[in-house]
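Structure below; questions to follow.
Labels run A, B, C, D, E and F following the written order; every chain starts at residue 1.
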Amino acid sequence: MSLDRAAVYDLFAEYGGLLDETRYDAWLALFAAECRYNVVSRENHERGLPAALIFCDSRAMLEDRIMALREANKYNIHTDRHLIGLPRLIPGDGEGLAVEVPFAVYQTDQEGETRLFAAGLYRDRLISAGGGLKIRDKLVLLDTFAIPTLLATPL
Amino acid sequence: MSLDRAAVYDLFAEYGGLLDETRYDAWLALFAAECRYNVVSRENHERGLPAALIFCDSRAMLEDRIMALREANKYNIHTDRHLIGLPRLIPGDGEGLAVEVPFAVYQTDQEGETRLFAAGLYRDRLISAGGGLKIRDKLVLLDTFAIPTLLATPL
Amino acid sequence: MSLDRAAVYDLFAEYGGLLDETRYDAWLALFAAECRYNVVSRENHERGLPAALIFCDSRAMLEDRIMALREANKYNIHTDRHLIGLPRLIPGDGEGLAVEVPFAVYQTDQEGETRLFAAGLYRDRLISAGGGLKIRDKLVLLDTFAIPTLLATPL
Amino acid sequence: MVTAAIWPMLDYSRVPYRLYHDAEIYAREQQRIFQGPTWSFLGLDAEIPLPGDFRATWVGDTPVVVNRDATGAVHAFVNRCAHRGALVRRELSGNAKEHICIYHQWCYGLDGGLSAIPFRRGIRGQGGLDAGFDMRAHGLRRLRVDAVCGAVFGTLAADAEPLEDYLGPPIMAQLRRLFDRPVRVLGYNRQRIRANWKLYAENTRDNYHASLLHEFLVTFGLDRSTQVGGVRMDGRHRHNITWAEANSDTAEFAREAYAGARVRNDYLSLKEPAMVAFHPEHGDKLNLAVTSVFPSSVFVQISNSLAIRQIRPRGVDEFEVFQTMIGYDDDSPEMTLHRLRQANLVGPAGFVSMEDGEALEIAHRASRPEPDRATIIELGGGGAISDRDYRVNDVPLRGFWSYYAELLGIEPAGAVR
Amino acid sequence: MVTAAIWPMLDYSRVPYRLYHDAEIYAREQQRIFQGPTWSFLGLDAEIPLPGDFRATWVGDTPVVVNRDATGAVHAFVNRCAHRGALVRRELSGNAKEHICIYHQWCYGLDGGLSAIPFRRGIRGQGGLDAGFDMRAHGLRRLRVDAVCGAVFGTLAADAEPLEDYLGPPIMAQLRRLFDRPVRVLGYNRQRIRANWKLYAENTRDNYHASLLHEFLVTFGLDRSTQVGGVRMDGRHRHNITWAEANSDTAEFAREAYAGARVRNDYLSLKEPAMVAFHPEHGDKLNLAVTSVFPSSVFVQISNSLAIRQIRPRGVDEFEVFQTMIGYDDDSPEMTLHRLRQANLVGPAGFVSMEDGEALEIAHRASRPEPDRATIIELGGGGAISDRDYRVNDVPLRGFWSYYAELLGIEPAGAVR
Amino acid sequence: MVTAAIWPMLDYSRVPYRLYHDAEIYAREQQRIFQGPTWSFLGLDAEIPLPGDFRATWVGDTPVVVNRDATGAVHAFVNRCAHRGALVRRELSGNAKEHICIYHQWCYGLDGGLSAIPFRRGIRGQGGLDAGFDMRAHGLRRLRVDAVCGAVFGTLAADAEPLEDYLGPPIMAQLRRLFDRPVRVLGYNRQRIRANWKLYAENTRDNYHASLLHEFLVTFGLDRSTQVGGVRMDGRHRHNITWAEANSDTAEFAREAYAGARVRNDYLSLKEPAMVAFHPEHGDKLNLAVTSVFPSSVFVQISNSLAIRQIRPRGVDEFEVFQTMIGYDDDSPEMTLHRLRQANLVGPAGFVSMEDGEALEIAHRASRPEPDRATIIELGGGGAISDRDYRVNDVPLRGFWSYYAELLGIEPAGAVR
């Protein structure tokens, strides 16, 4: 396995781990200075409809999401657990590295009851920056687009 | 990690990704020219009973499955999402490479509701052919043998 | 990926595979001669409360667990399926290697119905012993601390 | 069996929790309200522009298909086969010349009429249906359909009043305002909330909660109860428009008012303020217009984010909010991008809407054990139900319940409406 | 409370959807049908060949154990401890000398009798049960058991008619045909369908749906309504055999008939045609024989694929199809391999059966909101219920409902049966 | 509707399974038992030592908050907002000066009183509540609270007898024994069991099952029915103490007795025997003391493992066992470590408790299909309910049911209590 490959595996391990620890600043640091983060339902994606559940076409908007999460929004108290599958490296041109990875997110309420919150696919483009891999562009393609309760903490 | 190891990881990432994209011809191409694909319930497996849920002891029968799926069978409209765990390489003799991998498959209906459809274990024998790894023999050992609704799209 | 990394991945693949096969002696062999194994609910962990669900601060106690499971305890007849995510190597000092890995465990009853039994995080310290990696210390941080039915087979 | 005696007050200022948790009441609602003389939003002309275009939707918990026939006429019918009850059209959307049930392939035209039955006369003259079988008597159950500026409504009741009468002048005006140009669908989103559907019907009529629950509104200066605004209802008070005008208050005044109300009032600003910018587009000052049509349709303008919501009950303990995000055909690329960014405000992940999912679930859960206790609906006072030109009120909730009681046949004698 | 007034027609050609969705009716079915004077398939002699062999099964939703005692006799009893109700035998199958409940270790013999109670007399003469406690009065609830050629049936009702009378000559003949040699179990499969169990009881009696829903049958030339075939029932019309003869039509004629019926009729061929080959093995031409025994047992021959199905209700909204795949002891290795391949036709992943899971779930879902509407059962005409020697009919469904109504005590005056 | 006629025997030695499975009965239990004149354990003083400390808990399925006010007084109230029913305090534990509901930010003091309402007088004098609105009349529903040595109890019934009278002398004595010095919380655990809550209330009163179901006890020599022990109840027999004395039998005698009872009696030893060591700490020989307080509180000493359990019903088919593990403030580090190790005995993974999860689930499942059949409660004989100084008895279960019947209003005439 080339260094690249190891770095990709580590990036996704880190990605899920940081979210589940709610270390959002460290999580933001996994993204490139210029980046996009969109959560899109399959319902829209398959019909070519542009609306997203979360639409951040700039790092500023992604940071606003985190600020709002901390400063303004209220949501069901829970913990997240990301289970991220084997990364699939997509050959092809284009800047950086295209990777697709299936995921499942479980949410657990304060009384210790866990439910499947979301299943879907990450469609990422990764670039190397500052000697490491960063997320240039992340599409969270959401299978579970009938959102249970609400979507506050990032997928 | 040896090339072998990387190739095994990639094969399973590809396997799940192609199924979830319903790219069945590309999925068939992951199998060797001579291959077997059986889905067996733990209930039968543990009792040494030979009947399978899906029994393809030739590539022809596997291709018939896909043809029937496309041309004749009707089933609940859904999307699949495979979550495939860490491959476990089983030392031992025999042709090729023995690998065991746990899996979970989530199904999502048209309205975006996801349910766990199946959990189980892949027991595969992989061989190298045409400069790559191919699936010579796949046993899908199904924990979830009380099939929810029906089993149409491959596991 | 360094040998280390491959060994870590293999260790967790082995860990889940052996438990799901109920090969508990082989599973015990993955632990170091001196080891700890604790299953702790997030509810207690987050509040700094010391009580655990399973508390084995010696190998002897861990072996007692397995003996009791075989000789004395009765529990719902089921099979386990561990889905273990990508290992996250935690840089830092301290003896051996610190690793965090998310997991989900599915339980299937005798009639083939599967339910999510537990989601959580493994917080392990691994050491090399006898030419291989062994588990020196395992904390099973349990998200799903409202235990469904009972907790008998190891997580 | 629920009766008119359930109401503690004649002005509907108290609602016993039993009404949110009783499965028998839920079943009655389906029969008398959703299948009763009410009109439900079914979809947009823009979603089925071509002959054969269809979409599946719901009226209450009854599955419905709406489609356009070869002549361009729109039809809607219950998506249940007349033969043995299977869902006839399984896809959510598409284009078709007819609808064929998979079970025995009975075939229906785009008007819902039964057009063909395999082996109707049997084979070799043996089997099949009696010659007397009247195919015209066994089509799909049709809905009466009507539209307002391309917004298609339907009703299952033959005796429902005409749509325009049902909506009444203020609602008609709002719909004409929202649909003043051809619309374009930007996408859909869905939220499954484990609570009774009526908690959401109340929520969309609840002016009082907005800036208190959805702190983002105040924190980032989007919307405040200190703005000029209010509620306007139809003659029967079953529908409601909650409205507010942009920049109709000052930050200072708002700060004081919220401070007086002991509510957090420090303001923050976004790194991407463009996201919350408001570009007036309907020739008025309204930056908030939430139009609730009894029982379960909501038309929403929040700044430049435009949407239609259907409340889809899924049993007494759960409902789905199905939201259709729209823009206009003549939107510039910049305006479309602005709407896509501003879509972050609404929906299940919306900065100013996500909280409803939590608030309604905890209200549903906490109220279940005490069915005989009741809510308090008295903001803006009790007594007669009427429009208000101020925002701190929840009067339209009482309007909702007054019509609910009438349809369910539990209106108390001397009810104040 | 459901009454005879529920039936719109006296010949059971209309079934109101309420009967599939009402939890109270479900509870009554368990008492009057499954625990009533009916016989249920429990298992095969071949599954418990040795003394002490046992298997757990279900009669309706009641857990039952069937086992063989030391003398070789087969017994069956409800798997509920007489003490405080725990499941006595937790394993699905095995071999044992007795059955010991884990809760307090009360011990039962293979005939279901209570054989030992720990500390029955207490300790040091203190505690335990009174001397008067009669152990013989507190065994497990027994079923009456009887068998047809190794197929074991049981009933919970003391007043049930003898098994052979219950089944009647045509069913007895079919069972003797299927079990004409010692059988061997090839395996089991299970399918959980979110629909009411009666939808499946109808489905197995529904000749009309086969080639229309299961397109594989026609597409790959396995089975067509143009074949010679029909339905045969017992005297009470509660049971049914759906049968067809191999190669009794021509592809040309079938093509015409299906074209006339506007059903897809282009034929494909398999890369492994051996899978669908039919090797006659019962000295007749039947390549299809589906024998439905009221209420929930089905014996199926499709080509050389042989199986027994139990319909296991799991509440009003779900059931399991438990299927036992069989062959014969004297099957050659080639024949066994052929059966294993042909098993691809049936079960939850079966080429000619998977569709039932979808069809029944969408029928259950779509019919729930309108409990007062009804199905149409008129293929082969209405009126008197009788055998038919053609395939396009659903007459046996009315037979099922006529006996269902009788047992539930809701048979209408003047019922046509 | 359940009536006194449901009881087959007047001494409660038979309990029909209907009582464990009927949703209507469950609802009635919530009203008449949990919200009736009973006392429930709410928590420990030690869990809320400081002013403002709060914890969320349950009384039956009603959410409750218990907290300490600025004066040090403890208050408890239903966690349901007086306005529109939302859960006021969402966190399970913490410290706060007040409780603010997120929906409209109504604010409550630590005594549950309504202290502030945003925009109560509206804005610019428009909107808000009428001047006549009485905030004192709309606080949170309060519980009466009382404590025994730091164990806090609460009741929702104004007419409940005083706590000390409710518990009675024997229970009071046990609590004083357990709480004879300041306690320290070591942690919590939770177990979700898919069975009716009353099966667990019986289980904790069931002396007979312990060494038979929990084989670990005998296999590793922890606890045996041959020990000196018994049951002691309050005057009404609604509560119970199950007790046993350490080393009060011999291994030989036990071996004989269990052999006579045909129960496994070969003994094994642990590699870490310290785990099961018993260090007397209450100046008596008791190594087992399980104190069940009607309806759903249990105080448990098993060797040196000390815990309090709440039975939390979650509908008719599920409950949670919430367990608080405790030690004493003055425990040495070694003693604390000993308790943490010995905690392996109890809880969802406990060597001597895990089986209850399985036993109760299989009893619930197997008994559902036959609601008219009944359990047998006759160990220690039938007839009058009284204390016993031997272990092979289940008399306290009848005590539980006698008080249950009284509260539910289904006590039969001539009941033997």
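The rule we apply is simple: a residue touches a chain if its C-beta (ideal position, glycine included) is under 8 Å from a C-beta of that chain, and two chains touch if they have at least 3 such contacts.
Bear in mind the structure is a predicted one, so any value in this text is a computation, not a measurement.
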Q) Which neighbours does subunit A have in common with subunit F? A) C, D
Q.
For subunit C and subunit F, which third chains touch each of them?
A. A, E
**Q.** Of C-E and A-B, whichever chain pair has more C-beta contact pairs
**A.** A-B
Q. Which chain's centre, taken as the mean of its Cα atoms, is farthest from the centre of subunit C?
A. D
Q: Determine, using the mean of C-alpha atoms as each chain's centre, which chain is farthest from subunit A.
A: E
Q) When the centre of a chain is set as the mean of its C-alpha atoms, what distance in Å lies between subunit A and subunit D? A) 31
Q. How many angstrom lie between the CA centroids of subunit B and subunit C, rounded to a whole number?
A. 27
Q: Averaged over CA atoms, how far is the centre of subunit A from the centre of subunit E? Could you give it in whole Å?
A: 48
Q) Among the residues of subunit A, which are close enough to touch at least two other chains? A) 1, 5-6, 41, 43, 74, 83, 104, 111-113, 116, 145-147
**Q.** subunit E: positions in contact with at least two other chains
**A.** 90, 92, 102, 190, 192, 213, 320, 355, 358
Q | Pairwise chain contacts, counting only pairs that touch as defined | A | A-B, A-C, A-D, A-F, B-C, B-D, B-E, C-E, C-F, D-E, D-F, E-F
Q. Can you list the residues on subunit E that touch subunit B in the complex?
A. 92-93, 185-194, 213, 215-216, 219-220, 268, 270-272, 275, 320, 325, 336-337, 340-341, 343-344, 347-349, 351, 354-358, 361
Q. Which bits of subunit D are touching subunit E when the two form their complex?
A. 30, 35, 60-63, 78-87, 90, 102-105, 107, 116, 118-119, 122-124, 126-130, 133, 138, 141
Q: Flag every residue of subunit B that touches subunit A in the complex, lowest number first.
A: 1, 5-6, 9-10, 12-14, 16-17, 20, 79, 81-84, 104, 106, 108, 111-116
**Q.** Residue ranges of subunit C touching subunit A (in the complex, touch as defined)
**A.** 1-2, 5, 41-43, 83, 85-89, 100, 102-104, 116, 118-121, 142-147
Q) Hey, which residues of subunit C end up touching subunit F in the complex? A) 39, 41, 43-44, 47, 49-58, 60-61, 63-65, 67-68, 71-76, 145-152
